[in-house]
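Below are structures written as structure tokens.
Two complexes are shown next, each including chain A; its partner changes from chain B in the first to chain C in the second.
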Partner chain A sequence: MKYHYQLAIFGLLCIFSFSLKAQSFQDVMERGKIRGNFQFESQYYQKDTDIGAEDVAEKILSNGYLNLNYTNGSFSAGVRYESYLNALLGYPTGYKGNGIMYRYASYDKDKLSLTVGNFYEQFGSGLILRTYEERGLGYDNALDGVRLKYNIYDGVRLTALTGKQRLFFDYGEGIVRGFDAEIYLNETFSAALKDSKARIIIGGSAVSKYQADESSRFVLPENVASFSGRASVTYGKFNVNGEYAYKYNDPSADNNFIYKNGEALLLQTSYSQKGFGLLFSAKRVDNMSFRSDRGEGQQNLLINYVPALTKQHTYNLLATLYPYATQLNGEVAFQGDLIYKFDKGSFLGGERGMDIQINYSTANNIDTTMLNDDNTKRQGYKSDFFSIGEVYYKDFNVQLSKRFSSKAKGDFSYANLVYNQDIIEGKPGNPKVYADVFIADVTYNLSMRNSLRGEAQVLLTEQDKGNWGTVLLEYTYAPHWFIAIQDQYNYGNEDKDKRTHYYNASVGYNNQGNRITLSYGRQKAGIFCVGGVCRVVPASSGLYLSVTSSF
Partner chain B sequence: MTLLKHLTIALFSIFFSLSTYAQTDGLPGIPSVEIQKLDGTSFNTSEISNDGAPIIINFWATWCSPCKRELNNIAEMYEMWQEETNVKLIALSIDDSRNMAKVAPYVNGKGWEYEVYLDPNGDFKRAMGVNNVPHTFLLNGKGEVVYQHNSYSEGDEYSLYELVKKLSNGESIDGK
Partner chain C sequence: MKKQLILPLLFIVALSACDKVDDPFPEKKDISFSLDETTEYIVDADLNINDTTALKKLFTDHQWDTIAAPDNSTKRFIVVEEFTGHKCLNCPRGTWEIVRLDNIHQEQLIPVAIHAGTFAEPRPPKYSHDHRVGGDGGAGDTYLNTFGVTAYPSAMVSRTRQAELLSDAQWDQRINSIKNDIPKVKIDLKNYIVKDTNSSAANILRIQIDIEWLDNLTKEHQLQVFLTEDNIIDWQDSAGVDLEFYNHRHMLRKVVNGNFGLELEAAEIGKKASYQYITTVDNKWKAKDMESVVFIFEKSPSYEIIQGNAAHLR
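Then we have the complex of A and B:
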């Protein structure tokens, strides 16, 4: 047997060397490129009872990873080594130890693309399949298997894949297989549509998962299929797009093992021209949690991605106190977004012009009527498509951007929000939070290289922990240095002992693709923008070091 | 040697032999990845070009305030930059399906003249080794990456433009 393999290798090497007749081995190797990135984060923890930070037994926790990608012509391969010794607080606790859970080889030529190993993929908006990574949060549901993409005809792209999903340093039990087709009609029917002002894309996907039924209580479907169809029409300055997804019965821990089918609808329409942009979106989600292991929870093994339709906040008080997350079991959401540029010289624009952005979004539960059929059909509930249930979240935002002089400019925001703590945070009985937020963000350029930026934010509410205020001061010396201090203070808490300060000081240096940041203090979870970079961060306290590099 | 190792060597050999016939499409500094244009149609990064003039590739997101500050600051000078050096700035939005629809209204609302593309699942971001946004790459006339920068501080755009002017004058940066 051994001889056969050796013969095969020899044979392949012969083919290889014959094919190199035209070019030398060195030429080929020189065309190869290595790219990668590296991140290391480490934190020294202090016990911090004020913010509920317990003592950390290891004292120092660190995460690190290195991504290496090699490309040479049509071939590419890569690997990622990750290390959690142990993982930083706020990271999913399943990350323990070191290892390689991401490696792939892929071949891309003309109309064909083939990948084996780990890959990330999204079908349409991701309503039935999206594998992606968000390293700052420790989100990684990569598929390990095989993926084929084929551009079968002008404007027609097909994708087929199969694999198992990653779960920390292991794989989920379920097998996922999917197929997607997307047709760009203007390219496919180029003769008929070449003079058309409309650009039309249609697509459809099918995803199914298999997981053995080991339940003694229920007869569970081992193969669960979901389908989706999408279309996008761009006509001049208008765009309308939508996607509808349907999932067959998928009893799981998320939906309390009911046999109801699931569906999701996402509709968006926008108009944009120079100086003006308008967007309306609507979404309805009903029982769309789709995992490759029906018993899992939290962020584990999700096959699909249903986006929240609310504004993604980055200012401290909005991003860390009452952020909204999609409710997979049921949600009806609407969002409107307007952006307008007042011209220079106009009444509101003034000498240098002004920009305004208005956003309004709402998220409600779907209407549900319980069927009380737990011992019979187990459909759980029925829901009227066009009705809505209780409020989950409402958010109204106005932001004005204005440049005052060649040295000074500012962004001023107002937000009004309604937040259903009971449902979103799982705290039954807690009242809805009604809050008003005022933010001023001003930048002053002391010179071409030196600048100072200050933020003052205040959140006013009579519920939950009362009022908060945040002050941030950031000094940058372009292009390499920054230093910043921030304090998020719960000054309005009824309980004087709980008026916590989330103070934080950071300093950083960056050069080319490398960056090192040292920060000390406390941080709430959310999107943290400081020192010119935005990162998604979990809650933390202590001395924090981060080194990132891209090469 | 195990069967797996044999097969791996065999696969690598096949890939290498096939790739010797492959044309290295596109600029050397940019891996070939499928991204999207603002209207949702597919676009391959190997088609990025600027006829030998410098290219800036900037990764940003609608939720990233420093990114927006940087691109809005450059927008005030972009026309002048283009007249002087022919530089092209490609603004690569990494917004996912939550915010992707906001990119076109935002870009047009602000009146940006950049070439804007979408990378909703992070494929190009991953291939270019980007950790966080904003991340800027500068490519010379031959399409090689000669400079990159992560983060944005007020005034960074002036340092970037100094490098763009050097490239436009035929000088080399980073020995390339």
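Then we have the complex of A and C:
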């Protein structure tokens, strides 16, 4: 209950402190706006020995969230109430109970923005600082502290912050301090660059964490600093940007308490014009796990984020069977993307044109030579910047999108994967998975309000659990209703007893800002990833209800 | 202060918020025992001797050879700490000067060659051995930085005149200027080492130090214990020529009791104190060419060594 009292007092103080001047209380209140959203997920679990779904003692588990944001002129404040009674299976077990773990107040005045309480922030591409919420993963590393943003000159934006990171319903031990400067050169030097076609942005960041050294085994650095520099140049349809980050000795459970410095480099370049886009990305990450508690693991208390250079697949088999998890301890990755639209009337475009997207990504370990200095300097290893080690992941995929008629359209995909289970899932000794995936997704509009969509997917591999297939049929009665059935079938499993069907049926209702979904079925065990950040999901079976609403 | 300065200042603060750790391991604390009223026994933590019973057993389980250092009750023994390195092309010149002076002053001169700094870094394939105590950032580098060594060869003669670093041409004169000083303290030194060289305890060394103050002194003092090894044959750059079989002399091998030693009680004439350091000798070192070097020096900022002594191990 104490959170509710805190909220009420907090809100009143904010309103009276910042908004009341000569105007009446009523005037002030009329200017205020409240926005928010609500989400509730609940599942009734049943034991299902065929898929390894264990009995759940509570039978029903639920997650609930309510965001409330109040704005009044230059003042804003907000809270998020969270409820885990108890958390859905697969969520970190630290989420248990109810409470307000996100509340903030913010005020803007004369180019200075001030936030106290919780906030999310990202410096550059996130190589040394990114706090964010990804609810599907149970990921929330929000900072609780103070943040200042100041536009000191035209085009010069400074950010300074300090805070502690959220850890479920508590805070991590460490304190995070950070500073970022971003300069939009075309604004800062507007006279000199006003006719320039090039748009140039440069930036630099410093982030330091403090955690007391209470180890009897090692002398640990209590303050660990990291720095980064970045630049982005856009010239017409062409863009190139990059960021380099460096982190001083940060022994932690992630790197087996070695004292090697860390570094990361991210480069991206793109060219786009109507009907054509080309993107190439590269990164190298070496010992860049950066947490505000050196003893933590999983996704807890990460200060930084290393962007994934692999495609975020959405189709069932590609997204759930072999998704890639970014390896913060060491990774060299490349990705290329080509998007092209065949014009109507062209040989391949036909009467209605056709889109093609070709994507190739690869992630390898860095090439390391062990130093065997565990009992001396504990530098761990050395690595040649330009050498590449073992393959972690490869994904070549092509997607064709084609409208056949005014009523029918289809998306057709092929993907070829190489997946290192040993590293990505932490399953030593398991062979790499080589898989081919074929997907057809066809939608047919029966009428203005009625449409039918079907998916057929197959994944072919000789490793792991063998071949899989998925079929899905979805009927939509616009704009409110949909109903779908799906079956994922592990038909190629060498063990015939494990050739399991993962069936699922769902029905949903949408009405403006409200959406209600009810489904029944099975979910296979595996890993679930968003942006290269993953969590392990156990097998489950039962009835699932989801309600979302925004206002 | 202008408000524009506030955030850049925060940036500077963030830049400085970093601890660089060169040695990941906490310094092991030697364990101290009192078996009798006169001697404090200080045992290397690596020996895992945790009680007096185990300590007594160590003494009684083995036969011990003993070698005593010369009497220095009437002479001030002089410690010459020379900074050197195997890639220092002028350093052989320093070694030859030390050898010459050692021949003149005999037991009164105690040379210690400290390999430290850039010239002492391993450089394979020839100069692959690391002769620095504690390696990079170890005791040798600590002394190098503390005393501000900028040129090689250079040496401190009993750290006189606030640990003044002298070139090889100056050592002779400085030694002569202090060799007739009346000693302020006497150091009796005796090494005990297991007689049986095939024993598993053959690498255990007991260094018995008995001091007696010969004057009343107002300054505070530290007791320092080193191990040195003589006649190490290895590569040396000599005036640009790589010498494979160069004889490295009096090399500092181990700092037994911390980089700046043990704090002593106030110096009062006639007052005595006894310590026995029990430590280990690396099996790769030649015990017959080794010495324990003990000296007493004034605390910072003087660092002056007022008395020293040395004794062979075997």
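Everything that follows uses one rule, which is that the second predicted complex is superposed on the first by the 508 of 551 C-alpha atoms of A that agree within 3 Å, B and C clash if a C-alpha of one lies under 4 Å from a C-alpha of the other, contacts with A are read in each partner's own complex, and residues count from 1 in each chain.
The rule is simple: a contact is a pair of C-beta atoms (placed from the backbone, for glycine too) under 8 Å apart; a residue touches a chain by one contact, two chains touch by 3 or more.
All values derive from a computational prediction rather than experimental measurement.
Applying the stated contact rule after C-alpha superposition, one finds that A:189 touches neither chain B nor chain C. After overlaying the two complexes on the shared chain, residue contacts for A:91 are found with neither chain B nor chain C. In the superposed three-chain model, the partner touching more residues of chain A is B, compared with the other of chain B and chain C. Of the two partner chains placed by the overlay, only chain C lies in contact with A:148; chain B stays clear of it.
When both complexes are overlaid on chain A, the residue A:158 reaches chain C alone and has no touch with chain B. In the superposed pair of complexes, A:130 makes contact with chain B only, with no contact to chain C. Using the contact criterion defined above for the overlaid structures, shared-chain residue A:509 touches neither chain B nor chain C, since it reaches no partner. Judged by the touch definition given at the top, the superposed model places A:377 against chain C, while chain B stays out of reach. Chain A uses no single residue to touch chain B in one structure and chain C in the other.
The touching residues of chain B, counted against chain A in their complex, run 1, 3, 6, 9-11, 13-24, 28, 31-32, 39-42, 61-67, 69, 72, 96-99, 101-102, 104-111, 120-123, 126-135, 147-156, 158-159. Residues 148, 150, 152, 158, 160, 177-179, 181, 206-208, 210, 216-225, 227, 248-249, 251, 257, 259, 375-378 of chain A touch chain C in their complex. Looking at the complex, you find that chain A touches chain B at residues 5, 8-9, 12-13, 15-16, 19-20, 22-23, 28, 31, 33, 35-37, 39, 67, 69, 71-76, 105, 107-109, 120-122, 125-126, 130, 132-133, 135-136, 157, 182, 184, 187, 199, 201, 232, 234, 239, 241, 268, 270-279, 281, 305, 307-309, 312-314, 337, 339-341, 355, 357, 401, 441, 443, 445, 448-451, 453, 476-479, 481-482, 508, 510, 512-515, 527, 529, 531-535, 548-551. The touching residues of chain C, counted against chain A in their complex, run 4, 7-8, 10-11, 13-15, 17-26, 135-136.
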